[in-house]
Amino acid sequence: MTEEIIIAGFGGQGVLSMGKILAYSGMMQDQEVSWMPSYGPEMRGGTANVTVILSDERISSPYLNIYDTAIILNQQSMDKFEQSVKPGGVLIYDPNGILVHPTRTDINIFQIEGNRVATEMGNKKVFNMIILGGLLKVKPIVKFNSVIEGLKKSLPVRYHNLLPLNEEAILKGMENIFPYEVQNELVNN
Amino acid sequence: MTEEIIIAGFGGQGVLSMGKILAYSGMMQDQEVSWMPSYGPEMRGGTANVTVILSDERISSPYLNIYDTAIILNQQSMDKFEQSVKPGGVLIYDPNGILVHPTRTDINIFQIEGNRVATEMGNKKVFNMIILGGLLKVKPIVKFNSVIEGLKKSLPVRYHNLLPLNEEAILKGMENIFPYEVQNELVNN
Amino acid sequence: MEVIDIIKPENQVFAKTCMMTDTDLSYCPGCGHGTAHNIAMEVVEELGIGEDTIGIAPVGCSVLAYDFMNVDMIQAAHGRAPALATAISRTWPDKYVFTYQGDGDLAAIGTAETIHACNRGENIVILFVNNGIYGMTGGQMAPTTLPGMRTSTSPYGREIDTMGSPIKMSELIANLPGTYYVTRQAVHTHKHVRKAKKAIKKAFENTRLKKGISFVEILSNCSSGWKMNPIDSNVWMEENMFPYFPLGDIKVNGELK
Amino acid sequence: MEVIDIIKPENQVFAKTCMMTDTDLSYCPGCGHGTAHNIAMEVVEELGIGEDTIGIAPVGCSVLAYDFMNVDMIQAAHGRAPALATAISRTWPDKYVFTYQGDGDLAAIGTAETIHACNRGENIVILFVNNGIYGMTGGQMAPTTLPGMRTSTSPYGREIDTMGSPIKMSELIANLPGTYYVTRQAVHTHKHVRKAKKAIKKAFENTRLKKGISFVEILSNCSSGWKMNPIDSNVWMEENMFPYFPLGDIKVNGELK
Amino acid sequence: MAKVKGAIVVDNETCKGCEVCMPVCKDNVISMSTEVNRKGYHYAYMSNPDACNGCTNCAIVCPDRAISVYRVTL
Amino acid sequence: MAKVKGAIVVDNETCKGCEVCMPVCKDNVISMSTEVNRKGYHYAYMSNPDACNGCTNCAIVCPDRAISVYRVTL
Amino acid sequence: MSELRLMKGNEALAEAAIRAGVDAYFGYPITPQSEVIEYLMTERPEDRTGMVVLQAESEVAAINMVYGAASTGKRALTSSSSPGISLKLEGVSYIAGAELPAVIVNVMRGGPGLGTIQPSQADYFQAVKGGGHGDYKLYVLAPASVQEMADFVADAFDIAFKYRAPVLILSDGLIGQMMEKVELKDQQERLSDEEVIERYGDWATTGRKGRERNIVTSLDLKPEILEARVHRLMAKYEQMEREDLRYEEIQCDDAEYLIVAYGSSSRIAQKTVQLAREKGIKVGLLRPITLFPFPKQQIFKLADQVKGILSVELSAGQMVEDVELAAKGKVPVKHFGRTGGIIHTPEEILEALEQKIIKDGSN
Amino acid sequence: MSELRLMKGNEALAEAAIRAGVDAYFGYPITPQSEVIEYLMTERPEDRTGMVVLQAESEVAAINMVYGAASTGKRALTSSSSPGISLKLEGVSYIAGAELPAVIVNVMRGGPGLGTIQPSQADYFQAVKGGGHGDYKLYVLAPASVQEMADFVADAFDIAFKYRAPVLILSDGLIGQMMEKVELKDQQERLSDEEVIERYGDWATTGRKGRERNIVTSLDLKPEILEARVHRLMAKYEQMEREDLRYEEIQCDDAEYLIVAYGSSSRIAQKTVQLAREKGIKVGLLRPITLFPFPKQQIFKLADQVKGILSVELSAGQMVEDVELAAKGKVPVKHFGRTGGIIHTPEEILEALEQKIIKDGSN
């Protein structure tokens, strides 16, 4: 089995580290993994994205233009990546700040209000963990404790006190992801 | 007609400028000319040599390893160039400082005591003009007044007062060049 | 009197200079580069030399200065801006030529070009933005990084023994006869901004008078590189950089202060 | 007593040091390079460090120093000797590492390497032979060429306006905290030779004590480049170079004089 | 001495919420909005208009020149 | 104070005839030969042996170390 | 005990350098490879192995520091990206000329000029034809994974010391920035000074204790001697071609069409091979692991088997010349590659293969 | 009135630069080309034409001065020799990337490293394959006489401004140091600042009087835009191949064997052709005058006529690859060349031809 994922959003949203935790989790369960970020401090602010691949075979191209799953966290990314989800694939997005919602009907679309939940939890930093939880709910590509293991690996030891908080965030994410129905009239025309 | 000449000696002997005057002289009588020096201030002292070609046709290679005429002014140059004179060619040398005299019998060899004559004239600087005179005597490849013209061209105007002296030196050179006989016994063995 | 009554064109007392383009600056929030850009261009506007000014920005966070400064601009290789400026001021003696360089650019890879342009006394303005770090490439140590200061290539603080001391470029080049005006400024408060702008104005006026090198060092923050918010970084700058790099004129009218 | 009675091994009071090879020096008659080579190697012999000394000579007339100095030697690219020396003293902290550089090499193309090695305070000796000209390539202008001095690239004399002033490297780098000992010497008379040798000895002793940069500038003639005979060139040097480049210590034990 | 009254206009979309304009305003005219702009920054606004005297301090320290200043002499 | 007497030996083939040894010899012991060596240089020689006190001044200024010095105390 | 980690290519290379017992790293920051020096500085290799790590004032200084350390028999490493590598070329030529062992890493970005910080493979010519002056070549290793970024450090130094010649690791922003699993070798002891002297004392300038002095130079005033040096270099390069050529053949046995690609392009092209074979097109991939020496014979052989060859690189067409030289006109050889920091997708490569080779091949 | 003089190649180039109305020369001394700046300084071009001549602090500074002057539409020239050219490569790549007109002269000496100051042709790869980073090429002119050293200056600037691209004059110590008769063209007026603004104001940074501001850069953060730039460059290079290829055929009509040689080697090979024909061997000489663009078609055509091709250069074998690519395996292509500063003699070339081509060709 091979899972090809793109995670895309603003710089500050923890997109890269979320991808990193996914990759670590895959590693924890002896999968082949690759993590390919968009990079360049030369470009301040702007969008960031990362391609994560988990697979049972050797991974060929770490760089792709179509994906099994797309996790989209701002409008630019929606514009850029909605069309790159494979038919039958999954698109997860946070409606907060999204003006033009997805319109494809040949893929499974889910909404998760990560920003709201994070604010409720009183900690913006766990936003990406909430999203990750959502992903795991709809696509259990990695085992829950692989993720916890992955978290341990990717977090410097001095931050391990934050593990429970992150765990909670993941669970919250699992609870707060819901299928999104594309408006029919939109589809009909 | 094409004349291919090598002039070789010590750095200070005016070898390059002698070649330059020859080249200028050829130019004065509308010949094609080339002047190819050994170069490199990186190497202090040591020997200097220049290949001069005068021709009625376009000159191909400015760099040669056999010559019609070789003018040799120190022992190193004798060792290096005696063998590169074409059979039937001419070798002119100043015996002063020469330990091993030339031995070839298939070429015409001439001696000219340029150093002695220069000392007699009380001006070491005209040494190369004396040698040039010798060359012109045995090989009138350029007309005398072409040489004077060439001298004018190559000497900065502020030195033109030296022209008569140089002219005299050339004439002295013409008077002081003599055929050199290779010792027979040397040849026989 | 209501705000709306005040906000009328005829009452406007401050607006962005037309010598800056409408492009949003690519700098991090609160970065001194933005202020430095703006006051430099305000000076160009006030002197009315926009059509005769040629700017050179090498790589560094300000590599995109050409997108922001509304004058003819050249993007230069890392460290070489003074060489370009030399050639331009020599071939266009009546133009106003300035370089806009970071500390990594001017004091590391560009050391030779800086020293020799200054020594030849080229008739140019050098705007030297010293933020004690390599901002663009992600916060590596610069020649100007303070002792003990943490950067991505001095993660445990700059060690003088192995990494050397911060170089005081302004003091160094002030020793060269070719430099005419050398000063160190800052741009984090209105007072400093006003002073800095005066200095930059003086620099461009020196170019008009063909006085040679006018070198304006501008101490600036790098909140991203220093990993602080802009306000804290400005405080840190005052407390740590100012003592090591004292503000003020170092050389005026060719005379060392 | 007859000369032959004096010329006996037991009476010999001066001979060429064994730290120099038997190869004839490639330098022009009377060139200071020869004397500088010899006293440097005499110091190495006297300190008994010949087996722990590594020398670096970049291009310049002294590019062939490796043929003459009887220690391990490296030929370096133009201007880069201090970079090589840095790497060697870092990877072999107990060796005596010295560079032997001309003024074109050290003060022109090598400016950045010189300044930064000095600023890092590398534990090396820099022997800087300043003859005010590019000797090897045939007498072009150097950064140290005197005002009005004629060279093949300043045939009408060095013009300060367009070519800049002679750079005083020793004074410049003495401002850097990394330099421990900076001095300017000459080698054209026995008095100067003895002083210069003392300075070089002090420099190598500093290396033993891990004091950082010891920078010994040696003013020297270049009869070929200056187009004078050796005697005249030495007189010219005293009359023209000494006033501009005053002899003596500039920084001792890390203290500016 | 005639009393002057000022006002500022902040370009919300240009503002990066760096807050360097706040400390230079002796009269604490400026605060940061709770909402964010399209770039995701909390932008500055004139929270205490009456106090503004149009001194332009805030404007000249604003790296992004997001502030324009108006002044009238009463 | 004991009288010292010196002597120098010049390696003719190493000498380049630069003459820098001459002015440093207060006693004018050294002159230049009329003949030239194999390199074509007029080499230095001890023209006034009696005057040499073996001070080594000439030897240490000789760039080519063509001079070795001997000294005896009488 | 070897160890499994998730790392960026740049970090893996840095960690591998410490473990390979490298003596010194000299570098200057530039995207996309600054992680190399950043990782090293964070790891305090001085404490771990005594390895020296120094941020130089420029790339020119860095390569000359490498030249200095290499002259004394130490294992010296430097890394940079395209513009920085251009600045090092005089130094690289000196290292080659002086016959010194050293390893240079180029994590390529798009050019020319400042270009972009995004991945590129447009420095192929510079790497294999000799970007610097004079007759020299570099042994060039082209990693295609984070694992190879790590493994090639030790390999590179082995070759560098086997031949006393500079070795280039030619990577790019994609391989340098991506994270993959990497198995790290155990720590290898750094050579002691005594060991260095013992092994390399016959040429290295380590101080002339107990021997004649050593000289490191690339200058030969006598042309005959310099020509001998050049011939010696050429002999080394021929030996490299005989003994140290490296390449990988992927599904070439039954291939009717061949893709030649190295580094990041080979990773992407691998996916293309899958896609093609899913469509029933028998495509094989030849991946040169060493760019010099280049797998000429292998391509020459495969040229008898396949109908056409597509050379794929992130450039406007450079390696394609070597592929052509190797194929000797037997089959059509075409180039495909995106530039400007754009990474071609597996689909684009397949399309190019169909357009440029299969279509042409058929008529 | 044109004028006849006896000059060194380096001097002729310098004098021609003044007469061609070049605006600025920036250089750093290095043998065997220091005569260029020495001659210029002696001629006081400031007084003759207002041309600026400056001795830079290094080759790196010099090329970046050229970059600066070229950015403003001025005709800027620099010259150096092999090691110095290596140092200029970052700058050259910038000039190519920023699409600026400029002329660089390389009077080659032997390498690698410090090598020798004697003549060599071992920088061919560096010149034609792009020594610097990224996808760019140089238009390369290879003078074979003092006359061409003079003539090519104006030609080079014409091409540089026609394409807004850097042009390299690839000479060597032999052509640079030898003296020949040279016919100097009349003084051409330097463009006034107004003329420069008028002609190049659409791109040059001359001050934005009466127009939008101009920007000179090689940076494109958007990959699509950078790729468009690269494609624009490639289009220029194709146009050069179509419109500005230059070569000379010497006695090729009846040739049974072909020698390909450029610059100094072509001069020597010309003598070889004489010697060979005296011996009754029908040899022709193809002299590429531009190395890029390279006379591919001509060689391809001649490959049908001749029995074999000998590529002759003062190197270990570089141009031979382009000759092979051009001949497409039709006939054996072999290389001959001395290195290390040794200049092959006409006789040596003839011998090589007989050994490597005629002998092989017969069996």
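First chain written, first letter: the chains are A, B, C, D, E, F, G and H, and each begins at residue 1.
Here is the rule we use: a contact is a pair of C-beta atoms (placed from the backbone, for glycine too) under 8 Å apart; a residue touches a chain by one contact, two chains touch by 3 or more.
The structure presented is a predicted model; accordingly, all values stated were derived computationally and were not measured.
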| item | value |
| --- | --- |
| Chain-contact steps, minimal, separating chain H from chain E | 2 |
| Lowest number of touching-chain links that must be crossed from chain B to chain H | 1 |
| Pair joined by the larger number of C-beta contacts - C-E, A-G | C-E |
| Chain B and chain F, separation of their C-alpha mean positions in angstrom | 38 |
| Approximate Å spacing (C-alpha centroids) for the pair chain A, chain D | 64 |
| Centroid spacing, where centroids are CA-atom means, of chain D and chain H in whole angstrom | 39 |
| Numbers and ranges of chain C residues touching at least 2 other chains | 27-28, 63, 75, 77, 108-109, 111-112, 115-116, 137-138, 143, 162-163 |
| Shared interface positions of chain H, touching two or more other chains | 31, 54, 57-58, 60, 83, 90, 94, 98, 113-114, 118, 217-219, 221 |
| For chain B, residues contacting two or more additional chains | 41-43, 45 |
| Residue ranges of chain A in contact with chain G within the complex | 20, 23-24, 27, 32-37, 39-42, 59-65, 153 |
| List of chain G residues in touch with chain H within their complex | 60, 82-83, 85-87, 89-90, 93-98, 108, 110-116, 118, 120, 122-123, 125-126, 129-136, 217-221, 223-231, 233-234, 315-316, 318, 321, 324-325, 328-329, 338-342 |
| Chain G residues within the chain C interface of the complex | 28-31, 34, 37-38, 41-42, 44, 54-55, 57-59, 83, 113-114 |
| Complex interface listing, chain F residues touching chain D | 5-7, 9, 14, 16-20, 22-24, 41, 46, 49, 54-65, 67-72, 74 |
| Complex interface listing, chain D residues touching chain G | 50-54, 56, 63-64, 66, 70-77, 80, 83-88, 90-92, 95, 112-113, 115-116 |
